[in-house]
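Look at the two complexes coming up: chain A is in both, with chain B in one and chain C in the other.
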Partner chain A sequence: MSSSKKVITREEWEKKLADVKIRKEDMNKLVMNFLVTEGYVEAAEKFQMESGTQPDIDLGTITDRMAVRKAVQCGNVEDAIEKVNDLNPEILDTNPQLFFHLQQQRLIELIRSGNVEEALQFAQEELAPRGEENHAFLEELERTVALLAFEDTASCPVGELLDVSQRQKTASELNAAILTSQSHEKDPKLPSLLKMLIWAQNQLDEKASYPRINDLVNATLEDPVT
Partner chain B sequence: MPSSAAWARPEELVESLSSLDNTARLKALRDVKNQIIGNKTKKLSYIKLGAVPRVVEILASDTEVPLLVQSAAAVGSFACGIEAGVKAVLDSGVLPHLLKMLSNGDQKVVEACARSLKMIFQSTLAPKSDMFQSHRMELIIELLNSENESVAEVAASVLARCCETVDHQRALADAGGLQSLLRLLKGSVKTREAALDALGALTKGNKQLCAALSSMDQGRSLATIMKLVKDKSPRTRLLACTCLANVGKASPSSFQKEWEIRTSMLSVLVKLFDEPGSVGEEAPGVLADLVASNEELQEVALDMNTIEKLGEFLRKHELPSKQLAGVLMALAELCSRFQESRRQLLEMQVQAPIIAALEHESTSVRAAACSCIRSLSRSVKNLRTTLKDERLVEPLLKLLNDSSADIQELALSAVSNILLEFTPHKAVVFRCGGVSQLIQLSQSMDPTLRLKAVWALKNLIYMSDKTLKETVMGELTCNSLVDLIFDSEEKVREQAMALVRNLVYGDEDSVQLSLVQDAVLLHAVEKQLHESTQSEICIQGLYALSNVAAGSEVHKEAVMNIIIPGTSMGVNRNTSLLMKYLQDMTNPQLRVGALWCVINLTFPSSLGVSSRISRLRNGGVEAQLQIMAEDPCLDVKDRAKTALEQFSTVEIPPR
Partner chain C sequence: MGGDQVVSPVQPPGGGRNLYDLYDWRRPEPKTDEEEVPTHLNTTTCGHFLVISTDKLSARYTGEGRHGHDVGAIQANRPAPQQKLLYYFEIFLKDRGQRGVISIGFTDENFKMSRQPGWEPNSYGYHGDDGKLYHGQGKADNFGPTFTTGDTVGAGINYASQELFFTKNGKLVGPVMKEGKGPLYPTIGLHSPGEKVEVNFGQKPFIFDIEALVQEERERRQRSVESVSLPLSISHSVVRTYLLHYGYQDTLAAFDVASGGAFPPVVVTSSEGSTVGDSESYALEQRKILRKLTREGDIDGVFSKLREWYPELLQSGVSLISFLLHCQKYIELVKAGSLEAAVNYARVELASFFGVSSFEDTHLQDCLALLAYEHPEKSMVSYLLHVAQREAVADAVNAVILATNPPNLGKPSQSALEMLLRQLTACLMERRYLNGNQGEIFSLQRVLQGGKDGGCEPCLAQVVVYFVASSSQPLSVSTIVLHCHVGGSATFSSACAHPRDKVGICFMITSWAKLG
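What follows is the complex of A and B.
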């Protein structure tokens, strides 16, 4: 099979690559987009000063967004809710799923702190009505309340809800919603560019042998297989 | 109670909203706001406790920025997602305060108020025409041009919701709205979408404004919108398609590469069907607009399996009204011409949900279901097979009395279709009292309803038996039918004449109906044939006479007396009604109709045929027929030859 494929040598490939002009400003914009979306506000400020690249969003809003995110990561969900409501009340008002997940996270935190009575009351007053509105929410609520049934949460089948990763999941969902509300894309562009690179290489593999990039971290070109 | 530590009791909190202490008031306001956001149950309970007027009061009379921001946010949340909330804030008179605050010096206040306005205007309860009063209109245009993008966005989305009538559209365009909105297309995604939404409302069904939009900035504005059809944001794609569908519907071939763009819009829209939320819900309705009366595009849609995709929606339960109406409208358009589309849809066995939609609570769903049935019932084959479900008759008849005249009209068209020829539905209509309903509607003040009702009655009595005809005439009465023959509307007159034509068609009993009550119907037809200048009306009249002429000797004689009356001097050449129409060169169909009269009057085996032929000869008819045997119209030529053959069986008496 490989004999029928066209072979492109390293020299030819590098020459072709050199012919493609990518503007430095565009590269910088990609970097800035990554820093802004991921919330690295200080790095973004430095990068702006050094490269003169304008961020595509007011850097002040990143600080607010990060404060919200951090609150969830620390388990302070109520604080996060108040902050996001100050930022833009529309976010939680128009996003029932996110609102439910935040309330669910609050319940998880109450259970974590061993506050059984309050957890039950909270589940009943705040979460049960949402479960009535949406069947999927009800199932998730039941799963969460199951945490209360186990003395030792390590042996609990839904124990992963108490994991840090659950907080991360909720925090990311909230972060994405805030970005969307600011007319900003919720994911940075860089990872999707890498995905496109992998896709393009896979497509090309069927037709030609060429210096492939296997090591994405260093972007080194491999010698073509002949 | 542990949780009460975090928040005070609701009653106390509401009380604190009117506290004289600013700090306490602000705290209560924030607490209420944070409790109600995202929580419908809490919204309702705070509305019941009377929180809304207190919150609005703060907006109306306070001056401190944090208080204003928090109260505007709370108002917005009350109005978000529940109609009771919208009603409560509107009842508290919040609108003028919010509008006034948009010119506040503090940007936070402005943005909070803008958001609340947007929430309110997402509801159908929000006032519409009110926003077009001159001073408010000026304010909105001013806001549309605001430096603050979120204010401009809100202004655009308010316009998108309020602009509903041609007057609104004109007022908005006269105030420079079109230019302002096009400028906003360069803004952020949300601003752009609000602007597109408003542009869609502005151009809907408005030829003038569509033309204005197409020619604006040498077509560059329209080109911008075309690019947005392939935008990353699904909502942008949908709204861009909406605008372009409006433009395309108003003035076909108004943009370059029209065909490519339309087909790509079609595939974009079909893909949008699968989007979650409002985009997926609205996409079918936009597709309906796009393919409306565009057969080529409907064919392309057929190739894209659009029918199947739309049909699948009908199989799901509980579609939101807007989506259901859109799906049915799109199917109605796609099935309006092509039997293949109808076949595909009916094979999916979705008749039951379509019939059920005829009784839906939403007006637009009922209208769309009616249109769909109308399209499907255009095929008699369907009516006898896949659409023979008689359960569709009753809901359709019910819609004849719908509160919306548009629906009455659509239902009449559908009923008209199902009454055509020998469908199993005919008997059901009869049994369910549909005939009385149709007769009532034929007396409606609305000319379109009158027209369609007469049309349906005409279809109903076509080829029906004596009993049905007599029942219809017993209830309709000859006098009412005569009134309809002389209706103020030309189209109604034509259909009333056609009704007579169908009434007297058939066996002798049917023909006899022309002579009841001193032949009042026949005389009405005669009068129209003398007076009317509309060939469509006269064609129906001539066929009515030719149907009567197919009857017995008495009937033939009655027709003779109308079309070629004898005088004491014999027959007056060239001035008879018959000669008038045989010699008419404006419309060959008139000549054909007149020839059918001659053919039926001279039918060989009939008793008085020789005396009639000699009377016709004296009237110059045979000579005229010889001329007509060379007529440029093939139909006329053939009929003239047939008539001449019949004349030749009776010899010319020697002088």
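What follows is the complex of A and C.
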């Protein structure tokens, strides 16, 4: 089968590439979408000025969203919750899992700061009742409370909860929920298109040999394998 | 030498691409026609033993059904559309007649209407009397349940998996491999006295939840695409080189400040050992200034800077870049309402460009046509007055300057983003071509417009389009309105609770417009 694969030469392929119409406007939209979704608010403002591309969301909401995100990243979960509720109280009301993860993060921050007493009280009063409603929540709660048992958290099996990446994870989940509440998709389109490119090249590999782009950064065409 | 030879500074050497391409996208493209779909039964080629209702949507068998060549088969008026992910239609059995030998399936254009679908080459039929799937020249496989009076049976094509599928009373019966690649017609066959069926080509809702199947198919593909892993911070790097390429310097600075620390600096070594930053940041400051001037409509400023920095680009009096700039200057005069000055400018600066090439002629005609309208902003050439026109000229200026960078010689003047998007589109087009030109056609615009909640939204749009397109009756528009649960047209943007509604509405508006 593989020997009968169609071979497309570099010349033929370059002609096909040249025939594709890519509108500048669409590329601008892709870039704007990336800046907005990833929260590059100043870059988005500048880009609107320099390219005339309209953002697909009110840029003011990015500033709020980024403030919420930053609060979680710095460990100020209470502050983040307050800010989200200012933005739109429905986000947490309609999203029990997210709310639990934020409370869990708050517990983690209390444990991190060595506030054992307060941490225990918070776990029992705020988190335990939610654990009773949902088994997965309960497991997470138990995992988190286990942090208290270790003086040296480096050797703790659940020590990863204290890692910065846990804050990032919670912050991303919150960020996504805010975007969804603003009827904006939670992921930028550009990475999906790049994934689709790799996927499409792999699919086409099964049927034809043609010049691939393996180096996405420089976007250079390889010679077709014959 | 042909008339459309390009003057040298205009064409980036070796790239096979020139400013015409770069500029071309501004002109409004003709709308591609929606693919036509089956709407009713084809009464001109149908079998002899059938009576067809006046709406051409139901058929009754009038033969005796004595032998293998007195079947009453009938096809749809058009083959199943091939630019969709899925195609589907249904029949309702009003009466099984004496023996219930009713079949549903797909056949090619050479099919004999005196035979059952599945008895002839390149045909497929699901038969009600024995529940078997017949394909090719009468090969029969055990397939599903039998069907009889009161049942609704459906047949569909899944272009993504290259399979046919059948349904009974809203339940999927099963898939079967599709072998041929040509167009297939929805077909039914009746073969015993008294048999009567009604066909639904989408003029009313289907019993089977085709939307769910479309969604499932899309999610399957989405998962497969999402499982691809990307090199770390590749999107960031693509955006950064894009900003560099087009000289969006202020954006770039803000982007770099904001991402400082969060991302490792993108150090990319190309084959020659130079970094991307080196060639992409070529003349960045100058390109930024020229872009700003162009965007502000200060074309005199652009000319003066170009004369100072890149006199060679303007030396040839008829270079494309001077042409575009002169046109823009003229357009700015029209926009400012200085029509007399515009006319004078055209006489002095633009007239000499007539006859240079068809590109110049077309563009000049559009430009001059602005004078013919009292309200040019409402005319066919209004695109020239749009701010995006300045952006296009700015991009052209940017491109000619990038082409003067010695290491860039011989490289096409395209951003990585553009090349990646070209490659993506070309790969998907080629794959579709090798699939017999069947399946959806990739459209970047659709990706950009659709999907406020990811990949699933475009499919809903597709389904809505399908419903509308499957009937030529304006009636189907009201089906859509019901379908979307949306009321008045004035309040729709606030009324749509879910983004899916928005897509439906967008389409609704275009169809209203079309239907007058």
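Just so it is clear, the second predicted complex is superposed on the first by the 224 of 226 C-alpha atoms of A that agree within 3 Å, B and C clash if a C-alpha of one lies under 4 Å from a C-alpha of the other, contacts with A are read in each partner's own complex, and residues count from 1 in each chain.
Keep this in mind: a contact is a pair of C-beta atoms (placed from the backbone, for glycine too) under 8 Å apart; a residue touches a chain by one contact, two chains touch by 3 or more.
What you see is a predicted model, and the numbers here were worked out from it, not measured in a lab.
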{"item": "Clash or fit (per the criteria above) of chain B with chain C on chain A", "value": "clash"}
{"item": "Touched partner set for A:S183, first chain B, second chain C, both or neither", "value": "both"}
{"item": "Partner chain(s) touched by A:E117 [first = chain B, second = chain C, both, neither]", "value": "first"}
{"item": "Contacts of A:K29 with chain B and chain C, given as first, second, both or neither", "value": "second"}
{"item": "Partner chain in contact with A:Q203 - chain B first, chain C second, else both or neither", "value": "second"}
{"item": "Touching partner for A:E90 - first (chain B), second (chain C), both, neither", "value": "first"}
{"item": "Touching partner for A:E82 - first (chain B), second (chain C), both, neither", "value": "first"}
{"item": "Per-residue touch tally on chain A - higher for chain B or for chain C", "value": "C"}
{"item": "Chain B versus chain C as contact partner of A:E125, first or second or both or neither", "value": "first"}
{"item": "Steric overlap of chain B with chain C in the superposed model, located at which of 117-125, 279-287 or 297-305", "value": "297-305"}
{"item": "Contact residues of chain A, present in both the chain B and the chain C interface", "value": "183"}
{"item": "Chain A-touching residues of chain B, taken from the complex the two chains share", "value": "1-3, 6, 30, 33-34, 37-41, 73, 76-77, 80-81, 115, 119, 188-191"}
{"item": "For the chain A and chain B complex, residues of the former touching the latter", "value": "78, 81-82, 85, 88-90, 92-96, 99, 115, 117-118, 121-122, 125-126, 129, 133, 183"}
{"item": "List of chain A residues in touch with chain C within their complex", "value": "6, 8, 13-18, 20-27, 29-31, 33-35, 40, 42-43, 45-47, 49-52, 180, 183-204, 207-208, 210, 213, 216-221"}
{"item": "Residue ranges of chain C touching chain A (in the complex, touch as defined)", "value": "16-17, 21, 24-25, 29, 224-226, 228, 230-231, 234-235, 237-239, 241-243, 246, 248-255, 257-259, 266, 268, 270-271, 276, 291-292, 295, 387-388, 390-392, 395, 414-431, 434, 444-445, 447-448, 451-455, 499"}
